[in-house]
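Below you will find the structure I want to go over with you.
Labels run A, B, C, D, E, F and G following the written order; every chain starts at residue 1.
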Amino acid sequence: MIHDLIVALFVLSGGIFCFAAGMGVLRLPDLLTRMHASTKAGTLGSGLILVAVAVQFAEGTVIARAVAAIMFLLMTAPVAAHLIGRAAFRTGVPMVDKTVCEDGVADALRARPGEQAPD
Amino acid sequence: MTMLEYVILFGFALVILGVVLAAIRLVRGPSLADRIVALDLMTVQLVSFGGLTALLSGSAGFLDVAVVLALVGFLATVCLARYLERRILLQAEELT
Amino acid sequence: MELLLALSVGVLVAASVYLMLDRNILRFLFGLALLSNAVNLMIFASGRLTPGAPPLIDAGEYAPTGVVANALPQALVLTAIVIGFGLLAFTLALVYRTFMTLGTVNSDEMRVAEPVDAGKEAGK
Amino acid sequence: MNLFAINMVLAFAWVALTGGLTLGGLTTGYVVGMAAMWLVRPLFPETGVYFRRLYYWARLIVMFVYELIVSSLPVVRDVFTPGQSSQPALIAVPITVTTDLQITLLANFISLTPGTLSLDVSADRSTLYIHAMFGEDPDAIRAQISDRFEVWVREATE
Amino acid sequence: MSWLLVYPILIPLLTAVLSYLFRNSPAGRWISVAGTVALLLASVVLMSEVLEQGVVAAQMSNWQAPFGITLVADLLGAVMVVITAITGLATVIYSLSEIPERLERLGFHALLQTLLMGVCGAFVTGDLFNLYVWFEVMLISSFGLLVLGASREQLDGGIKYVLLNLVSTIMFLAGTGLLYGLTGTLNMADLHLAVREVENTGLLTTIAVIFMVAFGVKAALFPLFFWLPASYHTPPVAVSAIFAGLLTKVGVYALIRMFTLVFDHDVAFTHTILLWAAVVTMVTGVLGAAAMNDFRRILSFHIISQIGYMVLGLALYTPLGLMGAVFYLVHHIIVKANLFFVAGVAKRIGGSTDLSRLGGLYAHAPVLAFLFLIPAFSLAGFPPLSGFWAKYVVVKAALDLEMWFVAGVSLAVGLLTIFSMTKIWGSAFWPAHPDGIKPRLSDLPMGDRMALMLPIVALAALTCIIGLFPESFVLFAERAATQLLDPTDYVTTVLGVQP
Amino acid sequence: MADDYPSVDRVMGGPAGWISIAFPTILFLYFLGLLPEIAQGPQVHGIEWVPSLGVNLSVLLDGLSMTFVLLITGIGAAVTLYSARYLGNHPDYPRFVSYLLMFMIGMLGLVLADNLIMLFVFWEITTIASYLLIGFNADNANARRSALQALLVTGTGGLILLAGLIVLGTVAGTFELSQILTMGDMIRAHPWYLAILLLFLAGAFTKSAQVPFHFWLPNAMAAPTPVSAYLHSATMVKAGIFLMARMNPALGGTDAWFWILTLFGGVTAVFASVMAMRQTDIKQVLAYTTLMALGTLTMFIGAGTHYAIMAAMLFLVVHSLYKAALFLMIGIVDHATGTREAAVLGGLSKVMPLTGLAAALAAISMAGIPPMVGFIGKEFMYKAGLGLEGFGAFWVTMMAFAASVMMFAVGGIVALKPFRGDLRPTPKAPHEGPWPMLAGPLVLGALSLIFGLVPGVLGYYLVGPATHAVFGQVLPVELYLWGGINMALILSLLTFLAGWLVYRRHQSIRDRLAAFEARSPIDFDAGWDRLLDGFKAFAAWQTRLIQNGSLQRYMAVMFATFVVMVGGTYLLKGAFQGVPGLSADGVHPVQWTVLGLIVAGAILTVWTHSRMTAIAGMGAAGIGVSLIFIMFSAPDVAITQLLVEVLVVVLVSIVMLRLPYLPRRSKTRFRTGHAVIAGGTGLVTTFLLMSVMATDFDRRLTTFFEVTSYPEAHGRNIVNVILVDFRAMDTFGEIVVVAIAAIAAFALLRGAPRRKPEEES
Amino acid sequence: MQSLILTTTTRLLAALLLMFSVYALLRGHNLPGGGFIGGLIGATAFILYTIATSVDEAQAALRVDPSNLAMAGLGVAALGGIGAGFAGDPFFTGQWLFLFRDGDSYVPLSTVLVFDIGVYMAVFGGILTLVFALEQEI
């Protein structure tokens, strides 16, 4: 029963974070803020549900796979965010007006336009 | 149905709603970057979907879907991001 | 569910066919990819739907306990997916090469193999 | 990574002995192998570092997860509440870690924690450019990064 | 013995692998030649086995049918394999001269071999989904071959060929899935029995029509043949030749197989559709040929027209009709491939396949002219060449059923075939070359001449042999047709039980 | 051949020439030896060829075939001898000779055949051979056109004939003439009789150039002279006559037979004789008189009485003898003078006495003047005509009379006028021909005389047996030069009188005919061109219509075909039998949502005009599909699907960097027709899938896999066991597809030199 | 794509993916996975490598020409089928060798596995051939 409760808790919280991620991506005002929602809430939500799976099965192989999946998520999500964010910034995706930009940051981000265009 | 099953179904509903919301962003854009973010989020949410299915069916086989997805969903995002960045250099602007 | 799935497959097919009827072969390509999905779903559904019971034999058992999903259409769909991917990938390369050589992705502008005046000449 | 390799060899040996080539078996083998190595650590001059490193890695991961949870909450709150309370900002953060692995770890760490997202590393690898969702106080964010995250990362990787 | 059925698939595959791995050295091409010779030998052995024992079947992976995949050869299947090997060998030898080293290095031989593999697989498989797989193997290889070299014409033709064929493939797949859903089986012999249990026969007929459309595209039936004339004249000649000879025939074969073995429950409906499709195909194809002004494009439209005859034989659904279809299949592969080979030589020495830019072949290359006339007259149905017997049997089958109109159309189409053949003869052979070129075979280097002419001579000889000594071929076709119309042997051999 | 007669560096055409001469000569002698035997009664010999189709190489030797064989080989010998001298040095002489031999073999096989299919085989061989012969001077566009014309006209007839042969064979139950000819009553009573008759006559009339299928024959004059002779006198055109004669016992004797043959034959005879008057080129004149003879023969075979048949058989021989002689003669004249214009020639007998002699013999026979055999032929025709009943008698006699008058006049024009009077200037200085070319005409002319003097021999050995064979009954045949004073003789005298008048006035008649022809709207030859052009235009039009080069159209037709055929069958066959029951647990909202995702993705892909959005839409749909796989217990499939989706995105994201954007929405208007097709396809699919799922499912295969997977195939993942064991063959093919797709794409990308897109969009 | 973060992550991730692909291949007979899935995952490893660095580097790391690998994979798969011939069985009949057998636990070796390895190679090589070829076009 406790076991079930723990699982239920993880499932529920995971579900909420997944939902929140979706909500954030839809509701937040600009790309970069949306990415906060997707990167953090999304990863967390899925991670929690994977934990629930690990707890529920409580088998070595399952735990191993669940942990592996969580690891993979944690490794990849921020890299993806970095790449999208940088690309978006370089391609001039607009930000909300209230965004405060420290001196030089925008220039620095735009300064190096990736690789040279081939031929 | 046990309490846990109800919770899992509720979890399903939450996740799937999240997917739908992301899908709406996918449709609305407005920029390609927004769509990439939405698609990326959808793949991550699918990891949850796999996990929940594993829970509901009692078959750990579905966990593998989650593992694979966690790994390779990233690849699609990377490629799209690269497209986004390079396209500017290669062609005229396509913002939508 | 069966009914709904059939309807969804229908919509998917209709959308793909509409795309495939475009003179822009990129849109054709999108239609093709969608159509492959639709047909895969169709095969899958033709083998009937069983939720929550993958065709795996648990450790210690010699056969699945209880009803599990029909494994055969799964194997067929898997094969079809991979084949479809191979074909799609080739087609993508073909479209690419065609554009680089002929300078268009509009199929109406590709009249190299069947020149417009060929028939007329023969009529003379 | 030499020791890690030895540990893996031991893990596979364990699998071969016990049968059942599964991830579980492998993990068990790895743990058992590690225990064995720890027992015979005088034979391996570097084992001390190896085990300390393991501890730092564990701490890094734990903190990582903790920060992830904590930082998600404001985002979630902002999502669900009407209107936007956030104050986005683009901030430059000077960093001291040097190796590729360290920079990457740090950047990823930042991305997954309180309302911050790494956008890029400067060409001279001295600065991280980040986007903060609640960027009212950039200095606080800079301080948190250099005082906590950088330390954890450095300790785990040096 | 079970391996006899595997060789037609395995030999080309191994040949493909080896010739690809050695593609950068001359070894690759000779491996390809040797492999095709081996394929021919294997197919002949298979043929003799089938002649001796009747239907031969082998259960792959040793699983009893219908659970595993069964390979099976009846007379039709076996003869198609033999003819595939013959055409393949002719093509490989021809390609020694025709295909530049540049294309060989890109894997020409591997693609050709996997094409043969797919074709052979389609002919020997007894499983519907497996048939789909072999179709795909064949298709992807043909894609590669068609656009090899990537000239502008090839790309345009390639786009049409590829896209239209992909659609038909998807239809085939969908039909397979639905048929499986309806009957629960994929083994074609098992399907023969299973369709008798189906209660919703209307649905079964509908699915049959899906297959008809899908295979109709492959076979180039009206109104589904567009891909063929759009593309067949574009690739290297060796490729055109094997496409023209073999590929559409796989579609015809599949139609014959499915509409004798599986879908024989509503012949009055399905085969009537086939009948009219065949008739219109004959006419539109030959009119297309009459409208063309290019050697290979005329030949391409002829394929369509001739496919009509084969399908007509099937549609008549009498022993004589099917016999005609079988005879026609075999005859046409040889003849049509040969005509394309001749077109290739004409292009090589005359500089073009455009009829207005070609000429003088009769005066300066009489041997080639003679070797053109044999398949050309055979195709047109002149006796005593192979095509005459094919046409004769089909027409007689139609007349036996008192289908005057159908017989009349097939005869009229024969006439128009003659007309379009004389179009080639009257432009490329008889008049002098417009550019004053004297196209002589002797201008070709000895090695090239050997490689180009050997297949042409061999296939022409085959045409004559079939034409002059048709009895054994007719008897064979008769036996094959009997097997098709009464698949008891087939079913019993595959399932290992009396149905 | 500007160099006059060829020098003798290739004596008689070399080996090819010798063979070509020896072949007919030996055969002629051989069959001549058989003549007494066959005069006693017919013989049948045969070997099997394609017994399973009832086709044998069987020979029917009777009077009819003997007559033809002797004409073919005898005149063949003359012609080959002649052409060895005439063309012996031509670079393509061996080719020519081989066509000639092929032609001869075709004719021999045709007339000797006892099997109808064998007859057809040789019939077609003569068609091919004549095509090649007429087009022998291939550099000449006119020759090519004439060859094609002959091929198509006779080819058409041949194919119709084939149908007739098959039907007759079906009716009779055999293809052996020796049997069929005894079944006349049964065949004539059969409901298919008329069809058979018309099919046969179509073959015969085209081959024998009956009006209105006659126009190819004069054009076939483009062939080198001896060939024309051979074609026109002895052989090819008589193949049709042979066929009618041959079939008379089986098909003849009915009213249809009588009227069709006599009407067509009569019209042809008269029309041709008028046209012969119109010509100036002697070779053309002769061509039309051949036509006239063919019409006459047809008419008399149609008349069908014993006398009529006898007249026909006699005239057959008569005509062959004089016509071959005349053709060969005109070849010599042409060669010697450089012209064949009747108006130009005159007085040649002074320099070419032997040629003149041959011409005179042949022409007198043609004119029907005693004591030539031609006179006998004419007499018997009149007798036969007068012996008919009713209007038939009038018609046949009148037509025969008109034709004979013209023949008399033409005989004068071609043989009298060029040789009599003063020698006129010609392009070349005329001189006598060499003996190999003279031998033929002289011998043939002499035979016309000899047979006229001793007609009994001819009657006993040839005409009699031939008449028996054609008439089907053995009645006595006696030929005589003098039959007493009777109506036929009176008609003969009238013929001479009228003929003489026509000959005297032939110049003015010709002029008037020319003027008439110029105004006449009917021109068969031009009509042919219009027909051919019309056909080509039609073919081009339909091909442009169908194969118009637009992929979009092709696609639309293909899908429309699918919808119409499959949907139509579905409705027609009542395949709809209710919707499937819902699964036990009903429809979960999650399932709704997943399906909604798929649909939304699909619609987005259609709706958007941005490539990447379309790809995102596809991605969404693909994700939805994989969710279905997950929900319904297919983890392997779901994994594969996801991996493939990702790979597609990877590839597309690479390729799209170079490919152009989709057109803006303003340019992509909604296509209603396409939407209907697309909607129809979707609807059909839905109903099909629904109906399939509504049936009971047979799980035999699956159950087998489930119980054997682990115990026998040692695997717990049934899907994988199916892939690598139960159905390893599928997987084997599938990996070939993947590997070859890659190699093909690689070859495609590397196969062409890298080029810039021609226009950036 | 020049990104320090991506490149560093890729080093680790590519290795992980490769390992995971072999894992998926080996256990495919009993759990989701197998030659296809393994091959696909393995290919993604090198695709990631390609994107993070360049085709040339990825090609150098792979050492063999991927198209050769794909074709060789077909050969290996065929060998997996031919193996049955030596036991006198039909094509593709699974031949099994159970090592270290102890009750229900063993290390199985089989021609089926050889076949699946062939599948892995073909899929892996095929996809990389495609990606490398396309990537070099850009």
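Quick note on the criterion: a contact is a pair of C-beta atoms (placed from the backbone, for glycine too) under 8 Å apart; a residue touches a chain by one contact, two chains touch by 3 or more.
No experiment lies behind these values; they were computed from the predicted model shown.
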| item | value |
| --- | --- |
| Joint neighbours of subunit G and subunit C, given as chain labels | B, E, F |
| Chains touching both subunit A and subunit B, listed by label | G |
| Centre-most chain [mean C-alpha coordinates] | E |
| Of all other chains, the one whose Cα centre sits farthest from subunit E | D |
| Winner on C-beta contact pairs when C-F is weighed against B-C | C-F |
| Most remote chain, CA-based centroid, reference being subunit F | D |
| Inter-centroid spacing, subunit G versus subunit A (mean Cα positions, whole Å) | 30 |
| CA centroid of subunit A to CA centroid of subunit C, Å | 32 |
| Intercentroid distance (Cα basis), subunit D paired with subunit A, Å | 16 |
| Set of subunit G residues in contact with two or more other chains | 1, 3, 5-6, 9, 13, 16, 20, 30-33, 36-37, 41, 44, 47, 67, 71, 74, 78, 81, 91-92, 94, 123, 126-127, 130, 133-134, 137-138 |
| Overlap residues in subunit D, where contacts from two or more other chains coincide | 22-23, 104, 107-108, 118, 120 |
| Set of subunit B residues in contact with two or more other chains | 12-13, 17, 19-20, 36, 38, 53, 57, 59, 61-62, 64-65, 67-68, 71-75, 78-82, 85-87, 90 |
| Chain pairs that touch, as defined at the top of this document | A-B, A-D, A-G, B-C, B-F, B-G, C-E, C-F, C-G, D-G, E-F, E-G, F-G |
| Touching residues (chain side subunit G, partner subunit C) in the complex | 30-32, 36, 104, 123, 126-127, 130, 133-134, 137 |
| Subunit E residues touching subunit F - in the complex, by the definition given at the top | 13, 20, 60-61, 63, 66-69, 71, 102-103, 106-107, 110-111, 114, 117-118, 121, 125, 127, 129-130, 133-134, 136-137, 140-141, 143-145, 147-151, 159-160, 163-164, 167-168, 171, 174, 178, 181-186, 194, 198-203, 205-210, 212-213, 217, 223-224, 226-227, 229-230, 266, 269, 273, 284, 287-288, 290-292, 301, 362-363, 366, 377, 382-384, 388-389, 392-393, 395-396, 399-400, 404, 407-408, 411-412, 414-415, 418-419, 422, 426, 429-432, 470-471, 474-475, 478 |
| Residues of subunit F that touch subunit B when the two form their complex | 588-590, 593-594, 596-597, 600-601, 604, 610-613, 616-617, 619-620, 623, 626-627, 630-631, 633, 635, 638-639, 642-643, 645-646, 649-650, 653-654, 656-658, 661 |
| Of all residues in subunit B, those that touch subunit A in their complex | 2-4, 7-8, 10-15, 17-22, 24-25, 31, 33-34, 36-38, 40-41, 44-45, 47-48, 51-52, 54-55, 60, 63-64, 66-67, 70-71, 73-74, 77-78, 80-82, 84-90 |
| Sites on subunit A touched by subunit B in the complex | 4, 7-8, 11-12, 14-16, 18-23, 25-26, 31, 34-35, 38, 42-43, 45-46, 49-50, 52-53, 56-57, 59, 61-62, 65-66, 68-70, 72-73, 76-77, 79-80, 83-84, 86-88, 90-91, 93-94, 113-118 |
